[in-house]
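Working notes for the structure below.
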Amino acid sequence: MTQRISMAHGEGGELTHKLIKNVFVRNFNNKEQSRLDAAALPWYQNEIVMTTDSYVVDPLFFPGGNIGKLAVTGTVNDLAVSGAKPIAMTAGFIIEEGFELGDLREIAQSMAMEARLAGVQIIAGDTKVVEKGNADGVFINTTGVGQFHEQRLESEAIKEGDAIIVSGAIGEHGVAIMSAREDLGLMTGLQSDCASLNHLVEEVMNHVEGIRVMRDPTRGGLATTLVELCEDFKFSAELVESTIPVPMEVHGACDILGFDPLYLANEGKIVLVVDAAHEHTILEAIKKHPLGNGAQIIGRVTSCKESSGRLYLKTPIGTTRRLHRLPGMLLPRIC
Amino acid sequence: MTQRISMAHGEGGELTHKLIKNVFVRNFNNKEQSRLDAAALPWYQNEIVMTTDSYVVDPLFFPGGNIGKLAVTGTVNDLAVSGAKPIAMTAGFIIEEGFELGDLREIAQSMAMEARLAGVQIIAGDTKVVEKGNADGVFINTTGVGQFHEQRLESEAIKEGDAIIVSGAIGEHGVAIMSAREDLGLMTGLQSDCASLNHLVEEVMNHVEGIRVMRDPTRGGLATTLVELCEDFKFSAELVESTIPVPMEVHGACDILGFDPLYLANEGKIVLVVDAAHEHTILEAIKKHPLGNGAQIIGRVTSCKESSGRLYLKTPIGTTRRLHRLPGMLLPRIC
Amino acid sequence: MNNLDIFSENDMARRSVDAVIKLSEKFKKDKGRLPVLMEVCGSHTMAFAKTGIKQRLSEHVKLIAGPGCPVCVTDQKSIDAMIQLSEIPDTIICTFGDMMRVPGSKYSLMKAKTEGKDIRVVYSPLESVKIAQNNPDKEVVFLGIGFETTIPVLALAVRDAENLELSNYTIWMTTKLVEPVLRSLLDSGEVMVDGLLLPGHVSVVLGKKSYDFLMNEYKVPSVITGFEPVQLLTGIYKSVDLLLHQKAEVINDYPHVVKNEGNLVARRLLEKYFKLNDEAWRGMSKIPNSGLVFKDRYARFDAKKKFNVHVKEPRKTKCRCGEIIKGSINPEECVLFNKGCTPTHPIGPCMVSTEGTCAAHYQYMREE
Amino acid sequence: MNNLDIFSENDMARRSVDAVIKLSEKFKKDKGRLPVLMEVCGSHTMAFAKTGIKQRLSEHVKLIAGPGCPVCVTDQKSIDAMIQLSEIPDTIICTFGDMMRVPGSKYSLMKAKTEGKDIRVVYSPLESVKIAQNNPDKEVVFLGIGFETTIPVLALAVRDAENLELSNYTIWMTTKLVEPVLRSLLDSGEVMVDGLLLPGHVSVVLGKKSYDFLMNEYKVPSVITGFEPVQLLTGIYKSVDLLLHQKAEVINDYPHVVKNEGNLVARRLLEKYFKLNDEAWRGMSKIPNSGLVFKDRYARFDAKKKFNVHVKEPRKTKCRCGEIIKGSINPEECVLFNKGCTPTHPIGPCMVSTEGTCAAHYQYMREE
Amino acid sequence: MCLGVPAKVLEVSKENALVDVMGSRMYVGTVFVPEVKKGDYVLLHAGQGMTIVDQKFAMESMEEWRRVLNE
Amino acid sequence: MCLGVPAKVLEVSKENALVDVMGSRMYVGTVFVPEVKKGDYVLLHAGQGMTIVDQKFAMESMEEWRRVLNE
């Protein structure tokens, strides 16, 4: 049977990983760069960094934001977690025929406002229109460039005992999106956490040292993001379940639909691997920022051998189990 | 009635122009940059330049290329015509559920090959999958960064008498796409001209001087592109219809369907405004390159006042008429 | 390059311009004014503007656009009805590209498509029959505009639908005939012209013979004219020549394409399915027997019978397309021209049809 | 935090683990081996794995997964038939998310959707009735999997469809009942267990009373157990306690949720529409009266009657789900486990269902 | 076998109730729990309340278990 | 009024012909020009050949016109 792309290829889990590895990385030869959310340009002492993302969120408007805001924060954050200061971005719109001009305007305004907040210029754009039924309202690609902070990430120095920090509660974006989808009937007061984290990152990087690596746990959630970090940087780690900040409503929504908060998307959080010697300073620095006041140490690096690369979870009853990438996709279920 | 986006908003003509002006430029405040196909970053002495485009071509595979090749050449060319050397690009894929993996592979391979030819690295990527019926196979965004050549464009020096050069035959891409669409029943031996022009541009810029400004006449065709140049740089110009290279098959296809070759898309051509004093050197330099061997001087700048900004066409019988942007979209017609 | 390209050769064209100017100077000297010719055909209007011939001859021959754009002459109520068809659920509207941007009282087909209606532009009407065949659970309606050149092709589509025994295919007929409108214009006395340039492609079906009434009844010198630059110019030349010799003949200056009898096969097919009908023309109210509709035995293909479309009387606007197509005014005399009315925001069909006189003036003759 | 969260409190859970270990040490000392309990319910299997309780107790209590995952116990032929339904033109298949990735002999529903079939995941079966109401020109088929907890909800969907007089709504029933499969397992003698952990939520509908046969006929100590960590642990504790006291009782350790009589309203609705039927179970062939199908007078809602779906006998594979659900082997004993069979490329349903034993072992207990 | 979640009933109407699970809310069916009242907990499965959760029993079994643990 | 393009006939079959317009090709209907042969030019409108173009006449009128111009 012909092999075809399925929704699961886009959920950020196992299949996405394979697709990217087998189709794109193989052809484009960008293996090295693909370890980071953003790639350094082979240029100016590798000081310049670049990242791209397309945004296809459904629904386009959701509690706490819309696709436009998300398109800015997502790319700002990918630069930020790469240890770079976002400078500018481009915006490419693919619009479905029949899309309301008023909605487009609102989206553009959100982008402009969020870009201003983040201190990033939107310097170039592109607009394409496709026939009704050939897109889903609007898709936005943003591609950002940034400059590495003077203080570089120390990913090569990751070592046993390093702490894993998450900058706040997880699962809010995922639940906000689900509750904006009418067919599920879910109602929550939760807003998407979507926010630009570059100022938070800059603040922290300017004042403390010991940050090994950072990522934003978006598609695939905290678990998938950390599994990928473990594999990409060849360390094993253990999370302590009871320390992971999961809001009650997120728990509730997950219980109803049979989801796991560890796999829900976040759009305003970072996970950091940090030197244990500086973990408190870093934690405090993050907490001082309004977008990081829910930060927690949620686990530690347990080993750093060539053969490492696994993520474990310590359960409340004191046992540990392994965490894997999101296998397939999140579907509401009965059992 | 609610204002909605129509197909005509995406055809590169009058409505696209207004949409961009009223929704995007207004919000993003990037008026200055929007005069160029690519925008300079506010950084490193404005040496770095960036451009973005989404590719939504239908059909995805056509004589002479596919969406992947186009996505590379399109962005390479936008950088090239800005007077920059393309360095790297990102690639963002939006894939419709059910898309054949084999086709995706072929597209990725074309991109890789074209990027190699152009000497550009694809340094970062992104993959999103949307539900069947929410996209049209695959859409690709490429965003490129480049570095201005030492020899800068002299757009401020545009003056009466400057020559307008097109690097070769027009309309081939447009006709190739139409003949790949089954419903029209059109058959031509024409291939899309889609090609990366950066080497051609580099060659020319390194060896000659006097290039004022360049553009690639894509969506909206030669006429729309030149109308925009005239407006953006406030000069009027006159094209000589009989000197514009239009292949016979393009003429034939246009006659059948009622189209005008001046409004058909090109994906491997440049138009240049050049100093008349250097026009022959420049023309020869372009012609020496295989992608420029059909180059022609097709017109001249006729005035450069504040109030200028119009494009005229001198007809074979010696009269002139004004050329405007593509009004609306190209539709096959009976009268 | 084929044999027929000789008609567009640039050198010939330039010399032809000179010849026309020379001849019309004679007329001017004789009569103390310019000769006035009506280009009956919208394609002529467009070709004159696009080639620059109209502008070039402006001091020598006065060319007036006539009623020859099928979209422009269709009255507003018919246009509104056709657009309203798209609101019927499970209906696919098929149309020539020409109709897409024509402004209805409420909105255009383009807008309706943008709102999600299923509207498809086809190159050939036969394509719409295939669409009906492939969508048995939908109604397919073809918007049947056109003059005598196009009507046989509509008949052919009906023949195909009949052979395929389709019960979901209809045409909304709003076709127009040349002779009745010419008679009406000439009878009205509103339009002062010295001669007519007759539509080359309509004549392919009608034949030269069908214009004998112009010579016999109206005594208007007329020339059947082609569309390439040289043909446009010989058409004018021969018209002015007739005027100078005061001959009210009909000259066939497009003889390699137009026969004396026209196309009998096409006319026979057309007569099989359609019959004469009084049609409303924009700005001219009903003209007796000026269009074709389905014969009763083919009523099953008649969209007007199948669908109950009611449209309100269209609001009056300042658009003067009605006068434009009669040749009574120039687009520039309309207060909306290039102000409220442009090809991107058209008020009347003349601004949006590729044969529309206002469009021709906006696209090719606007100077500001 | 609500009152019910006390069952997941971490401190209580840790102390409960200790209590269970202490008690089972007693058993070990008495019998020289570990107590063997079967978690009849797939949600128990998952919860034991996900909370880490299973791993933590591995040296103290042997927990064997049972036939309690509705997807896993469905035989391959039924699964193939359900997937094949999606090939009927103009049909919308509605399903719980659970079914989407289950491998059919040819492909999964997910793959069918990817190929363009209209397959929709719903949270509630009643949603599928609404879809039928909103798509009168399509057939809507709900894939009716489930045990006694879910079957009343299917009955409710049928009631809604009946009230709305829908003629385009059917359910493909492939439901399963707990008592017949437990009897079949216990009768077979294949599975050696000391006691049973009974499914908390199925019991909501059935009531504690319905398990009396375990005590009276089979003399198997059994505990109805909840799903929070502390509940899982008290369930085990009480089971081991019964074993130690050699009491073949049925304990309701989930009394705030499970009543003695079960839910009579739900059972009555279920009995209105459905009747007993011999059902094929994966790896067990047909078990008499082990599932429910439509009563004859509701045959119009029966997708099996409405659609003529023929599937070939499925090819034999090396998948051992049939043994897994009987508790005869552990996933790790299957040669395909984590080799040819993973959640992204599953061979059997046990690897893909969120309650599947192989999935539980892969996701939560794999170490390599 | 069957996902089941205790949900607090906030509002009751005919065959339907608004319920809350730790702050997330949903309208669910109450056909199987006709006696349900505001303030009750129902066990939620596939969009339906399947039974009313007896909080007294819940407290009692927990208390009983605490005693066992404290023995 | 009506777009019409001369197209050279390359192949003829029942009610259809393959035509060429300066290198672009298309299958068009020939119901209205049943006598059409390979090598003829037809005038194309809305996908149908509407008449056969008489090349002899074309040359003749052009020659005639040339004479007028050279007078």
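Order of writing sets the chain letters: A, B, C, D, E and F. Residues in each chain are counted from 1.
Throughout what follows, a contact is a pair of C-beta atoms (placed from the backbone, for glycine too) under 8 Å apart; a residue touches a chain by one contact, two chains touch by 3 or more.
Bear in mind that the values here come from a model prediction, so they are computed numbers and not experimental data.
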**Study point:** Smallest count of steps, each to a touching chain, taking chain D to chain E
**Key:** 1
**Study point:** Shared interface partners, meaning chains that touch chain B and chain D
**Key:** A
Study note, to complete from the structure: Chains joined by the largest number of C-beta pairs are A-B
Check your understanding: So which chain is farthest from chain E, going by the mean of the CA atoms in each chain?
Key -> F
Exercise for review: Averaged over CA atoms, how far is the centre of chain E from the centre of chain F? Could you give it in whole Å?
Suggested key: 82
Check your understanding: Using CA atom averages as chain centres, what separation in Å is found between chain C and chain E?
Key -> 74
Practice item. Express in whole angstrom the distance between the two chain centres, defined as the mean CA positions of chain A and chain C. Key: 60
Study note, to complete from the structure: Note: chain C sits from chain B at a C-alpha centroid distance in Å of 35
Review point. Of all residues in chain C, which are in touch with two or more distinct other chains?
Key: 1, 42-43, 69-70, 96, 113-115, 123-124, 127, 146, 150, 355
Practice item. Could you tell me which residues belong to chain E and also touch two or more other chains? Key: 1-3, 22, 45-47
Review point. Can you list the residues of chain A that touch 2 or more other chains?
Key: 4-8, 97-98, 185, 248, 258, 333-335
Study note, to complete from the structure: Listed by label, touching pairs are A-B, A-C, A-D, A-E, B-C, B-D, B-F, C-F, D-E
**Study point:** Residue ranges of chain F touching chain B (in the complex, touch as defined)
**Key:** 1-3, 5, 7, 20-27, 44-47
Study note, to complete from the structure: Residue set of chain C touching chain B in the complex reads 1, 8, 10, 13-14, 17, 42-43, 49-53, 55-56, 69-71, 96-98, 100-101, 106-107, 110-111, 113-115, 121-124, 127, 146, 150, 229, 342-344, 352-355, 362-367
Point to revise | Of all residues in chain D, those that touch chain B in their complex | key: 113-116
Revision key, fill the gap. Within their complex, chain A touches chain D through residues 1, 4-8, 14-15, 18, 183-185, 242, 248, 257-258, 315-322, 324, 327-328, 331-335
Review point. Within the complex, which stretch of chain A touches chain E?
Key: 175, 179, 185-190, 247-253, 255-256, 258, 333-335
